Amino acid sequence: MSKVISMRDAVAANVHDGDVVAIEGFTHLICFAAGHEIIRQRKHDLTLARLTPDLIYDQMVAAGTARKLVFSWLGNPGVGGLHAIRRRVEEPEGGAPAGASDPRPLELEEYSHFGMVGRYTAGASNLPFFPLRSYFETDLPKANPLIRPIRSPYGEETVYAVPPLKPDVTIVHAQRADAAGNTQMWGLLGCQKEAAFAAERVIVVVEELVEESVIRADPNRTVIPGLIVDAVVLEPWGAHPSYVQGAYDRDNRFYRDWDAISRDESSTAAWLDEWVYGVNGRAEYVEKLGRERLADLRPSGRAPSGSVDYGVYE
Amino acid sequence: MSAPSDAAAFSKSEMMIVAAARELAGQRVCFVGVGLPNIAVNLARLTVAPELELVYESGAFGAKPARLPLSIGDPTIVTGATAAVSMFELFSFYLQGGLVDVGFLGAAQIDRFGNINSTVIGDYEHPKTRLPGSGGACEIAINARRVFVIMRQSKRSFVDRIDFRTSPGNLGGAEAAARIRREEGWLGRGPSVVVTDLGIYHFDESGEMRLDSIHPGVTLEQVRETIGWEPRVADPLATTPAPTAKELRLIREELDPEAAYTK
Amino acid sequence: MSKVISMRDAVAANVHDGDVVAIEGFTHLICFAAGHEIIRQRKHDLTLARLTPDLIYDQMVAAGTARKLVFSWLGNPGVGGLHAIRRRVEEPEGGAPAGASDPRPLELEEYSHFGMVGRYTAGASNLPFFPLRSYFETDLPKANPLIRPIRSPYGEETVYAVPPLKPDVTIVHAQRADAAGNTQMWGLLGCQKEAAFAAERVIVVVEELVEESVIRADPNRTVIPGLIVDAVVLEPWGAHPSYVQGAYDRDNRFYRDWDAISRDESSTAAWLDEWVYGVNGRAEYVEKLGRERLADLRPSGRAPSGSVDYGVYE
Amino acid sequence: MSAPSDAAAFSKSEMMIVAAARELAGQRVCFVGVGLPNIAVNLARLTVAPELELVYESGAFGAKPARLPLSIGDPTIVTGATAAVSMFELFSFYLQGGLVDVGFLGAAQIDRFGNINSTVIGDYEHPKTRLPGSGGACEIAINARRVFVIMRQSKRSFVDRIDFRTSPGNLGGAEAAARIRREEGWLGRGPSVVVTDLGIYHFDESGEMRLDSIHPGVTLEQVRETIGWEPRVADPLATTPAPTAKELRLIREELDPEAAYTK
């Protein structure tokens, strides 16, 4: 049974006001297309979970969709800070754009990278906690009392625990999936698998929709089984300005541009007006980016994985 | 070799497989080991449960085997599967994560409450018979949403008191079991059906096995002779519909052409 | 720097009397070649860890190499029991073959599959324990006091813990590796990765030795990095009678034959004499099996995974 | 923009990178973020540490980038790498498992014992400046066998008391830190070197930073003016050998041709 629907329908059906939303992908495969659609549908009171909020959550916070962030590294990688989020934290009263639906101070729940990975893993595994060797002698457990010590039942050792994170909806971008949602990705895998298995609902957004036979030819490449997928959206360039291994490069120019755009509330609002509210979806956004800019982001050549043989056993 | 109830028509094993397959109607995701459960599950997919998805204990998901797999590690379940995953992922995310609707178990011993022993006969330290042990049976019984048991019945296997509890069933009764499962946050609701070569048992409100259906040609006396306690019997007691020609053809021609499991 | 050496040298250098040894591989990629070499080198007092001891450990126990098993399912899959091991458990005095170096009763340390996976995972992660939802209301924690309850630091919930397992040496079989030990496998992956990362030393045995460029063409296919590998052994058919996805099938006939051979001490000893002590290595064993038997085990056709594109970014 | 000590020859940033790279001699596995550490590490591979293996925080191992990666998530670090792994595997098996010899950290604030703040300036609840936070820095400081720090020094960054402890260094001193690390089973032995734009610090037996080498052209007065405590100074104090022509050529022509990090 096909789960392929439009981004608009996928977000309308699966993202609700007040939800815990995880758009995952560590530097790679960040689904900006879904984030923008969530903004367009004026969802609000969301708790946004991601290791690295990145530009996607800076934009979603600027647009007033979020009441809370759950995260581990709050920056514009290689460039600097996330200004819209910082405004909501450092000067909460003045931090929300006029007319935003949620002008309250942004709540922060902070972990380390491994803590966030452990949280998704516990969520995916239905464990009440995940243990890790981190946080010793730091101020993080004081800043976040959900980071708690746990004593080993073998000897005197104490490690730290983080609680499970179970998003209402996890959204992942991938190179390809079939209509049933069996999803394959390659390159940096982040913690999309854990975040997807931890979630109540899963939206998969892909560069390419493929026949089931393509997936079945390489079962070890499958990262997310259709079993846990609720919607499949075909959205080429859906990760821009993030990237898709083998398909297009990170648009570093935009990451730098955002630093200037986002320093000012009105230029941030103007950008949202033009590039999010002002387009009816990703296809229009892509058209607006222009052929030349897109062409510059294509890899300069192919780097084929090569094929392995699973063998026919009949 | 069991005596078929109607020698010309079907064997006891065939009846057991058919009855187990029919119980899978409406189920979605089944965690499966090899042998009888594997045949039953594949029969169900070809008949009452075309949407059934199989999670093999070895890590294959969405298998489309080109032949009947001879073990859960047969390479034919990987070629053409939708996913092949590590044991960590299988047990953490699929099973413990709550994606498995039905866990299918066999056993050496079972008691009236569906508690299962697959570890030892006799004392643990000095066993009379050392059985394989849990494998995944312990966590399947706890985390699969419900548990199906398929096993031949005898005085040695259907016992008043199992020698070792490998997989928890309804413990000492339904009420205590439900409370413990709730308090300890188990996802599984415990044993749901036991299909044997003589009949089909479900569990009544007290958590005890109840014979709901007896296979054609089997007598209640035969059932009582092969069980270590006085079994509860549904009133009225149904008679399991005999295997259909289609079911038998599928077993004999497609699923077990060499009659490895259905003799 | 090449780590490629002979099986004889790999075992001599990395497997020592008294070691905890894990030859892993769940039904797939079980390295019988290494087990046989360990027997030939008359290693003893080993603790053998594996989810499923399978025929490989039945043979190693019969040959007197082991003092203890750490396991979760003790059977001949699809056939029945493991008779050599059962003899050492059910009738310990009579269970060891005459002349075996270790006639003591075999010690058993028993878990479930998930418990063993958790143990390797804790070992690989340097965690003092791994938590799981298993063992509730069973006799397993009584039989093995290393399975212990642990209370969640969030609420009242209690789950069970297993302790880390850190083998002195883990031996894995794979389709291919490069000379530095970067190892790729496909098909059922079992818990080889966790068992390898958990071990002090790692031996990788492969069907094919490939150029580094083959590995680098598909970095997501790498299961074990050369970083943790001590020795690479090229040993085609090294997993027989187990199998290698895409290369050869499980030799089910041998699994059935072993049931008869192993029921009797003298026939077991005779088999070891002929097939293990009587050959100087896997090449001779393969030759002895004969071309016809091997040909029957080849897949009937190719099932290519297809190639994906990682892209050139320069 | 820093004033190069010998305007014609090299910038302070170039000296800092060269000094950090040389400290990597003899190290094997380095966990690395992007920017200055990335350039230093790649320079080390081309000079003093050809065997150095890089573990990128994003999950790439054995990368052979065709260009200088602009972020730790640059696709060029994946194409041609020996492995691309999940964050779970990276943090569990590589880092926490003890395979990383050197963790390379930057920071907003550091104290004399090498404790690091990358979370907030000011109060946590009402920060003056909200910094990125830990990322992996917390677990890197605990699990990498040793920690290298690379940062420019100033009164705001080299402080008597950090506002938030994101990554533990030598805590309140070497003795207590060693005891705690032992008792709690940390694999890491803590901070090993701090390389700045002015000099190179190691840690003395009391666990406090000691200026062991001063970069050419830098005065002790400049060092004291940019540090929030009275720094310990080795006697004799070495002068860091200036960057060689080869080191400078590699930085300028290969590693950072657009001078993104080395201005």
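All chains are identified by letter, namely A, B, C and D, in their written order; residue positions are counted from 1 within each chain.
By definition in this document, contacts are C-beta pairs under 8 Å (C-beta built on N, C-alpha and C of every residue); 3 or more make two chains touch, one makes a residue touch a chain.
Given the structure is predicted, the values throughout are model-derived calculations rather than measurements.
Peer 1: Using the contact definition given at the top, which chains are in touch with both chain B and chain D?
Peer 2: Under the touch definition, chain B and chain D have A, C as mutual neighbours.
Peer 1: If we define chain centres by averaging CA atoms, which chain lands farthest from chain B? Would you check?
Peer 2: Relative to chain B, the chain with the farthest C-alpha centre is D.
Peer 1: Go through B-C and C-D and name the pair with more C-beta contacts between its chains.
Peer 2: B-C
Peer 1: State, to the nearest whole Å, the distance from the C-alpha centre of chain C to the C-alpha centre of chain D.
Peer 2: 41
Peer 1: Which integer distance in Å separates the CA centroid of chain A from that of chain D?
Peer 2: Inter-chain centre distance comes to 29 Å.
Peer 1: Counting only residues that touch at least 2 other chains, which ones in chain A make the list?
Peer 2: 121, 126-128, 132-133, 157, 186-187, 189, 193-194, 217, 220, 245-246, 249, 299, 303, 310-314
Peer 1: List, in ascending order, every residue of chain B touching at least 2 other chains.
Peer 2: Answer for chain B, listing residues that touch two or more other chains: 60, 74-75, 78-80, 84-85, 92, 96, 143, 185, 187.
Peer 1: Looking at which chains touch which, would you call it a line, ring, star, complete or other?
Peer 2: Topology of the interface graph: other, matching no listed pattern.
Peer 1: According to the definition already given, which pairs of chains are in contact?
Peer 2: Chain pairs that touch: A-B, A-C, A-D, B-C, C-D.
Peer 1: Given the complex with chain C, which residues does chain D contribute to the contact?
Peer 2: Contact set of chain D toward chain C: 29, 53, 60-62, 64, 66-67, 74-76, 78-85, 89, 92-93, 96-99, 143, 185, 187.
Peer 1: Which stretch or stretches of chain A touch chain D in the complex?
Peer 2: My answer: residues 26-28, 51-52, 71-75, 77-78, 81, 85-86, 89-90, 110-114, 117, 121, 132-140, 142-143, 156-158, 186-191, 193-194, 243, 245-246, 249-250, 252, 299, 303.
Peer 1: Help me check something: in the complex, which residues belonging to chain A touch chain C?
Peer 2: 126-133, 146, 148-150, 152-155, 157, 159, 161, 163, 175, 184, 186-187, 189, 214, 217-218, 220-221, 245-247, 249, 299-314
Peer 1: Using the touch rule from the top, collect the residues of chain D that touch chain A in their complex.
Peer 2: Residues of chain D touching chain A: 34-35, 57-60, 70-75, 78-80, 84-88, 91-92, 95-96, 119, 124, 127-139, 142-143, 164-168, 171, 180, 183-187.
Peer 1: Applying the document's contact rule, which stretches of chain A touch chain B when the two form their complex?
Peer 2: Residues in contact with chain B: 121, 124-128, 182, 193-194, 197, 212, 215-217, 219-220, 222, 225-228, 310-314.
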